[in-house]
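So, here's a batch of structures to check.
Both complexes shown next keep chain A, but they swap its partner, so chain B is in the first and chain C is in the second.
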Partner chain A sequence: MLQTAALRREYGSTVAVKDIDIEIETGEFASIVGPSGCGKTTLLRMLAGHLEPTSGGIVLDGEDITATRPQDRPTSLVFQTWALFPHMTVRENIEFPIETAGRNLDRSVEELLELVRLDPEEHADKSASELSGGQKQRVALARSLAYDPDILLLDEPLASLDYALQKQLQRELADLNRELDMTFIYVTHSLEAALVMSDTLFVLDEGQVAQTGAPEDIYQSPKSTFIADFMGDANVFAVDAEPTGDGAFTVTSDEFEGEVTVEDDHDGREPTDLVVRYDDCVVRPTLETPVGVAVDVDNILVRGNTVLIECSADTEDDYVAEVPFDWFQTVDIEIGDRAYFQWEAEKSIPVPE
Partner chain B sequence: MSANTPRLSAPRLRAGAWYGYVLLVALFLMTPLFTLVIASFYDGRFLSIVDYAFTLHWYEVAFASTSIQSAFLNTAKIAVPVTLLSTVIGTGGAVAYTRHEFPFREQFKLLALLPIFFPLLLLGLGMSLWANVTNLGYGILPSVIGELVWISPIVMFVVSITALGVDPDIEEAARDLGADTVTLYKDVVLPLIADGIVSGAIFAFVLAWNNYYIVSYLSGAQSTITTWIHAKMTQGFTPTVPAVSSLIFYSSVLLVVVVALFEYNKSEGDEHS
Partner chain C sequence: MSTKHRLKSHFDRAAGYTRDSSNPLFALVRPPWLFMAPIVALLLFMFVGPMLAIVVFSLQSGNTIDPNPLHWTLAHYAEIVTGMATGTGVYGQVLGNTALVSAATVLATLVVSYPAAYALARKIKRYKVVFLLLLIIPLFTSVNVRVFGWALFLVENGVLHSIFNLVGIGQYPSLLYNRYTVLFGTTYVYLPFMLFPIYLSLLTIDDVTFEAARDLGAGPLTIFRKIVFPLSMPGVVIGSLFVFVLSLGADVEAQILGGGSVFTMASNINYSFGYSQNWPLGSAQAVGLLLITIVAGVVILRSLDLREIASRGESR
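Right after this comes the complex of A and B.
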């Protein structure tokens, strides 16, 4: 298990990472996500040993590794730029950690290349500089695995690849994590990647962990407006909440008609916003659910099997509904129509500030 | 007429005129260089084109002269150590500046490069006074030290250009994969900046080989090729001067050929790997 205790890093007067405590189980696929500048890369570089913490500690399986140098640390970092040695062949790149560190996975270069789905006969003796982006990414991965780390750290290694390749490599990374029973810590600003691969998600905001948990839990019950926004696909309504007296709130808003009763999910903190996911909303010519808002239909985008309906209310707020294509064909909605944006009350997610 | 037949079109003429112009400018600028070579083979005291006669006599005189031999030997005794030492010092400075974060890093660069921007004539004068004050004296060793002051920063500059182009992540990756400092430099950093080091060393040699100002102040009784030529020009011209000057020119041409071959082999190697 990897733990950090009040891990902190300051750059001059800026605090990049503010006393972070996290725990990651061995073999877990953990993702650290957050907007640019949230401190996720700083955190990862401290875990790798390339950056010294200002204060706090890192403990791996009970052993304090805070002061361990990167070359002695059982972690391996896959860089965003992949950082292959351009003057070496693929084979020499992969043999580098085996020769320098003597931490041998007992796998040959050929086996490692097969593990990352590259044909050894075709690629092993190519120069690293003549590979394509996707191939470089795979070689960088094989090289890190050759080091046989306890923890594989990945710093947005897919960011510069095309979308289809990203999707494929995301699946392959998740498979590798299961196959090798190795802890993976993945840093990204792409929420989609994190959702697909991770067992656990750490959402960082301004150097602190804003929420931790399984991706689907964070998606379904965000703890703050920031998280809800960050998780994406969210319509956000500012609301007024009244406690009902039995651990629930009655929620009303200037921004929609009707009222919603929600459970207290946040230890008594009263909701200030209501979040409704795009795919929980629909648009109909009339209001057929208890809550909804009158809108103008601005745009209709067909996205394969779903349709995005973009609307604007009289308050100038914009809302989006994502509906199944088949359902869309049964309603009479066109661009420019006056209609009702609506959702089932129980789909409302209350969020405190 | 087939469509592929080349024709003298307007753009082609313009290109021809342009190349011709460039060639003429180059010829004009290079003429002094070749005049020296032509003069070195001229059978007479002062070069004349009207009654040109060819001879190898001045080269024979130059090779036979013990003072010229010792000037060449002294120049080599200065240039070779300067090349080796300035390459080591300059590479060290370049690696420190480009690959590491440390306090006063920018100030370090400015201070290190300062001698390049100082007039050589004054640099030599200052060194001469300093050599006297410190009792270092004059000769080969003071010349080596003096040239190092000026040439090491130039090597640092040349190597830095290559070193700055190396992705810093590569160094961290090597550390990350278990490399100790020796392995990091031997297998990763130095091979990646090797081109810059070779360029820096060649630069250093050419500058040391041709240096006049610093050795003129510091070499004392030891004459080098440049101080020998200067002495002859001021104290009495002999036709061996063009011959000796041409010999320096040939050695520079030889070096250029070596560099060209090195570059050619490297690009060949890259294509086959």
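Right after this comes the complex of A and C.
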């Protein structure tokens, strides 16, 4: 198990990572996500040993590795730019950790290349600089795996690849994690990547862990509007909440008609916002659900099998509904129409400040 | 001719174009060649012409050019080559001195510059520009001035002598006029030509390459042996080539610091043209030096994989 204790890193007067405590189980696929500048790369570089923490510690399987040099740490980092050694062939790159580190996965270069789905016969003796981006990424991965790390750290290694290749490599990484029973820690700003691959998600905001949990749990009950927003495609309504006395709140708002009763998901903290996902909302000419808001339809975007309906309310707040294409064809909505933006009350997600 | 080209020439004719690409004169006035014209003219005038004259002179028996090629002679070459091949006489000595000074200068500049280039490229962040300027500034001063300055420093009853007298060391062997002083001179003068190529090649190594190596278990020595040194090889090779070729032509250092006791090929050419007024012999030596320089250059450059160097920026 990997643990950090009040891990902190300051750059001058800015604090990039603020006393972070995380725990990652052995063999887990953990993702650290957050917007640019949230401290995720700083955190990863401290875990790899390339950056010294200002204070706090890192413990791996009960052993304090805070001061361990990167070359002595059982971690290996797959860099965003891959960092292949340009003067070496693919084979020499992969042999590098095997020759220098005295620890290795006990697999041949050929087996490692097959593990990352590269044809050894075709690629093993090519120069590293002759490869395409996706191939370099795979070689960098094979090279890190050859080190046989206890923890494989990945710093957005897919970011500069095209979309289809990203999807494919995401699946392959998840497979490798299971196959090798190695802890993977993946840093990304792309939520989609994290959702597909991870067992556990750490959402970082301004150097702190904003929420931890299984991806679906965080998606279903975000702890804050920041997380709801980051998890994507959410309409946010500012609300007033009244406790009902039996562990629930009655929620009303200036921004929509009707009232919503929500469970107390946040230890008695009053919800200040309601979050409703795009695909839980619809737009109809009349109000047919208990909650909704009168809007002007500003734009209609057909997105393959779903349709995005962009609306603006009289309060000048903008809302978006994502509806199935077939359903859209059954309603009479056009750009410029006056209509009702609405949703089923139980789809409302209460969020405290 | 492809259909496309046929069509194009057809349209060009129809449009009244008179430029015919088969006329080589038109090719010469196209901009790329026009841009090259001044330097080509300069090199033809300043280098190719005089070199031809030197080659012709080297075949003469006296200080005038005999228009009849049948009277030309290879005697000077025979004299030089025999001397050099057997390592005897003036030419054997000259070749020995030149080879020794050049090779030793390469070695000495390499040993002195590599650590400095490494520190400047990787370690020193503050005052780096100051250091680089200090290394460049000597190049702004004429070689003669610098070498004479050094001679004044070393000469008997010179500056160093005075200092030694002050601390009570009265007698010491003369520091001027031997091979090692010449070697010190060339090392000092050609140092920047070794340092900067190495410095630049070390600069091309990405920081993340070091991190990746450390990350994969490599300590400082392994990183130097397997990453830094191989990646700086182009700089080392080019620096060595510069220093070697420049040292082959070292003349001022040999004359002033060697003081007539150490002859190198360049100073001997100077001597042949000047003091002994034997132009054909000087010319033959000049041709020989040029050939040695060209061969050394080709051999050294062949060891470089220029494509790998060019692709380095793309490896990320």
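As a convention for this text, the second predicted complex is superposed on the first by the 353 of 353 C-alpha atoms of A that agree within 3 Å, B and C clash if a C-alpha of one lies under 4 Å from a C-alpha of the other, contacts with A are read in each partner's own complex, and residues count from 1 in each chain.
Here, a contact is a pair of C-beta atoms (placed from the backbone, for glycine too) under 8 Å apart; a residue touches a chain by one contact, two chains touch by 3 or more.
If you're wondering where the values come from, they're calculated on a predicted model, not measured in any experiment.
A.B. asks: Putting chain B and chain C onto chain A via the overlay, clash or fit?
C.D. replies: Clash: chain B and chain C overlap once superposed on chain A.
A.B. asks: A:79 in the overlay: touching chain B, chain C, both, or neither? Say first, second, both or neither.
C.D. replies: both
A.B. asks: Which of the two partners, first being chain B and second being chain C, lies in contact with A:147: first, second, both, or neither?
C.D. replies: Once the two structures are laid over each other on A, A:147 reaches both partners.
A.B. asks: Applying the touch criterion given at the start, work out whether A:70 contacts chain B, chain C, both or neither, answering first, second, both or neither.
C.D. replies: Once the two structures are laid over each other on A, A:70 reaches both partners.
A.B. asks: By the touch definition at the top of the document, which applies to A:128: first (chain B), second (chain C), both, or neither?
C.D. replies: A:128 sits against chain C, while chain B stays out of touch.
A.B. asks: In the overlaid three-chain picture, which partner chain does A:338 touch, first (chain B) or second (chain C), both, or neither?
C.D. replies: neither
A.B. asks: Tell me the contact category for A:303 with respect to chain B and chain C: first, second, both or neither.
C.D. replies: Once the two structures are laid over each other on A, A:303 reaches no partner at all.
A.B. asks: Which positions of chain A sit in both the chain B and the chain C interface?
C.D. replies: Overlap of chain B and chain C footprints on chain A: residues 48-50, 69-72, 75-77, 79, 81, 83-87, 96-97, 100-103, 127, 143-144, 147.
A.B. asks: Under the definition above, what is the set of chain B residues touching chain A in their complex?
C.D. replies: Counting only chain B, the residues touching chain A are 167, 169-170, 172-180, 183, 187-188, 191-192, 270, 273.
A.B. asks: Within their complex, state which residues of chain C touch chain A.
C.D. replies: Interface residues on the chain C side: 206, 208-209, 211-219, 222, 226-227, 230-231, 308, 311-312, 314-316.
A.B. asks: Give the list of chain A residues in touch with chain C in this complex.
C.D. replies: 48-50, 69-72, 75-77, 79, 81-87, 96-97, 100-103, 127-130, 143-144, 147
A.B. asks: For a test of understanding, state which residues of chain A touch chain B in their complex under the given definition.
C.D. replies: Within the complex, chain A contacts chain B at residues 48-50, 69-72, 75-77, 79-81, 83-87, 89, 96-97, 100-103, 127, 143-144, 147.
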